[in-house]
Amino acid sequence: MAREVDISTLLSRQAGTRRFTQPIGMIGPGEGGIEDCEAAYAAAQAFARAGLHIICGGRGGVMEAASAGARAAGGVVVGLLPEDDIRAANPYLTVAIATGMGEMRNALIARSSLCLVAIGGGIGTLSEIALGLKWGKRVFALNSDADLPGMIKVESVNELIDVVLEWLAAHP
Amino acid sequence: MAREVDISTLLSRQAGTRRFTQPIGMIGPGEGGIEDCEAAYAAAQAFARAGLHIICGGRGGVMEAASAGARAAGGVVVGLLPEDDIRAANPYLTVAIATGMGEMRNALIARSSLCLVAIGGGIGTLSEIALGLKWGKRVFALNSDADLPGMIKVESVNELIDVVLEWLAAHP
Amino acid sequence: MAREVDISTLLSRQAGTRRFTQPIGMIGPGEGGIEDCEAAYAAAQAFARAGLHIICGGRGGVMEAASAGARAAGGVVVGLLPEDDIRAANPYLTVAIATGMGEMRNALIARSSLCLVAIGGGIGTLSEIALGLKWGKRVFALNSDADLPGMIKVESVNELIDVVLEWLAAHP
Amino acid sequence: MAREVDISTLLSRQAGTRRFTQPIGMIGPGEGGIEDCEAAYAAAQAFARAGLHIICGGRGGVMEAASAGARAAGGVVVGLLPEDDIRAANPYLTVAIATGMGEMRNALIARSSLCLVAIGGGIGTLSEIALGLKWGKRVFALNSDADLPGMIKVESVNELIDVVLEWLAAHP
């Protein structure tokens, strides 16, 4: 199965000097529905199994589900919080960065990600998708109500994991 | 004519203690077409005549046209530049703020505007529209290829000026 | 008197294409004493008379005094506020930029200033002086408890105004 | 020996729900001398052994030495880079965050740290110390040419490690 191959290839790469140190940005609503959260958990878990790190907004909903999934696979999750304290952080973050930058931290997530994985809809997620596309980032989206030129929309979490891992495996 | 009334009402307000000090954010492509630039010039000129200030990205295209229009009416234009120097600033800015924040400055424009006036299309403008909507800003758009819930789309520069001035006149 | 010459030279320059669009950063404590506030008022008034613009933190104390002085001379004052609303803005700002970036906005003031004028002491002012020096900015200081290599410390507000205007007049 | 006790206490804490997720900020010159770099390596290694994470500027000198030390002990190091790519990242970072914010990222390090550990001198390090103090952070400093009220200056790397671990162990 293609995915297994990709994971072992990626794991080998992550053990060497060409490893990805830029994190995968996982974005989605803070009040994500159960389906979005389950997808975020599964996707983050798969990325962490492949040795990849996650960056997210550090709070609840899709952000928390992604954090939990990555941690369940032993991964590293960095959360960029809007506040200047960590009280609103979800409990699964490896490292909580209390930016004190308010909602400007959303732009920082889009700016610093290796690629963006958007799960779920809403204007906040859309704004991050648009920033990512503007900055030339690859943007993968599941359950998105947006339809912007350049977005790679997928139909299921399995497809999401496959296309992201394939893109990573082919990354220079 | 409704507009004349609004301008004198706004001018009176701008002379008093309830004046608007938050600037109107004018956004649009740096390589704007002639139609978009003419609209930006006319709109900024009208806003400046009503005593309002402009904030923009400080560079060319729609940003430069808006700057020129505002200055032609004696207005104040603040440009937030991505670089940490002002070499790329258009010549019409009153105050050039070299943020050194790169494209993160786009988020700062959306964050700090009284309302956003978007002229023209493209993913950069869309990302600012989405940020503005997310942050609860009123967003007026002309010649936009975006269609997001909450955007106030207008058909002509005259309609744009009218709806913005009316909104300002009704602002608490 | 040297200062008169400088002001007319600077005023001429500000009417042309080589005018300074970068603002002078005026920094100092938000709870500034009366002496610091009077100095800030007088200095900002002089800079505004010479056609220069001011950027500051937009709140009270030295920031408010500088804003009032500049406005008394018809100048333009941009205030970068930490909050994402303008309730804490002093009433003298020409343009209030509600950054929502929290105290990170201090770094933005140091980053974007043509030069920094620090009046008064305290750790907040010191941190901005240090950032300015690090970024190669000219830093003029009155009543400062800091003594960092590169700071230009002055003994009176008259000396402050003189050295800043002379530096501006000699600026390429 | 006090330090051994602190490490086991801290390690237990890091395994539980009260673990520190905020990283220790390690700051110092990018062209740090050998003594500063050796101290940064040893200190970061000790912090990582105690289960703490590091945040730094992600580049060379003291930042690279701290990154290498933490990684040698299996720790997690987050680097906040000024650029919007990771080419200037040191090879020891766990997660490289390409902020694209330029030198503004220094403020973000001071803002988001649990405490700051400064090794070596220079105006850049001083500016971060001052920002940390301003924001109420505990600042520990070795080989610093600064002497600001509130700084905890230490004489050796062993003392540095001891006082930081003791402070962490006593942290609520």
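Note that the chains take the letters A, B, C and D in the order they are written out, and that residue 1 is the start of every chain.
The working rule: contacts are C-beta pairs under 8 Å (C-beta built on N, C-alpha and C of every residue); 3 or more make two chains touch, one makes a residue touch a chain.
Everything quoted here is computed from the prediction, not taken from an experiment.
Chemist: Applying the touch definition from the top, give me the chains sitting in contact with each of subunit A and subunit D.
Modeler: Common contact partners of subunit A and subunit D, which must touch each of the two, are B, C.
Chemist: Looking at chain pairs B-C and A-C, which one is connected by more C-beta pairs in contact?
Modeler: Counting C-beta pairs in contact, B-C comes out ahead.
Chemist: If you average the Cα atoms of subunit C and of subunit D to get two centres, how far apart are those centres in Å?
Modeler: From the centre of subunit C to the centre of subunit D is 33 Å.
Chemist: Roughly how far is subunit A from subunit C, centre to centre by C-alpha average, rounded to an integer in Å?
Modeler: 42
Chemist: Let me have the rounded angstrom distance from the C-alpha centre of subunit B over to the C-alpha centre of subunit C, please.
Modeler: So the centroids are 26 Å from each other.
Chemist: Please output the residue numbers of subunit C that touch at least 2 other chains, ranges allowed.
Modeler: 84, 99-104, 108, 111, 135
Chemist: Which bits of subunit A are touching subunit D when the two form their complex?
Modeler: Those in contact with subunit D are residues 17, 21-23, 53, 55, 76, 78-79, 84, 86, 89, 91, 93-101, 108, 111-112, 135.
Chemist: Given the complex with subunit D, which residues does subunit B contribute to the contact?
Modeler: Residues 84, 99-104 of subunit B touch subunit D in their complex.
Chemist: Note which residues of subunit B are touching subunit A in the complex, please.
Modeler: These residues of subunit B touch subunit A: 102-104, 106-108, 111, 123-124, 126-127, 130-131, 133-135, 148-150.
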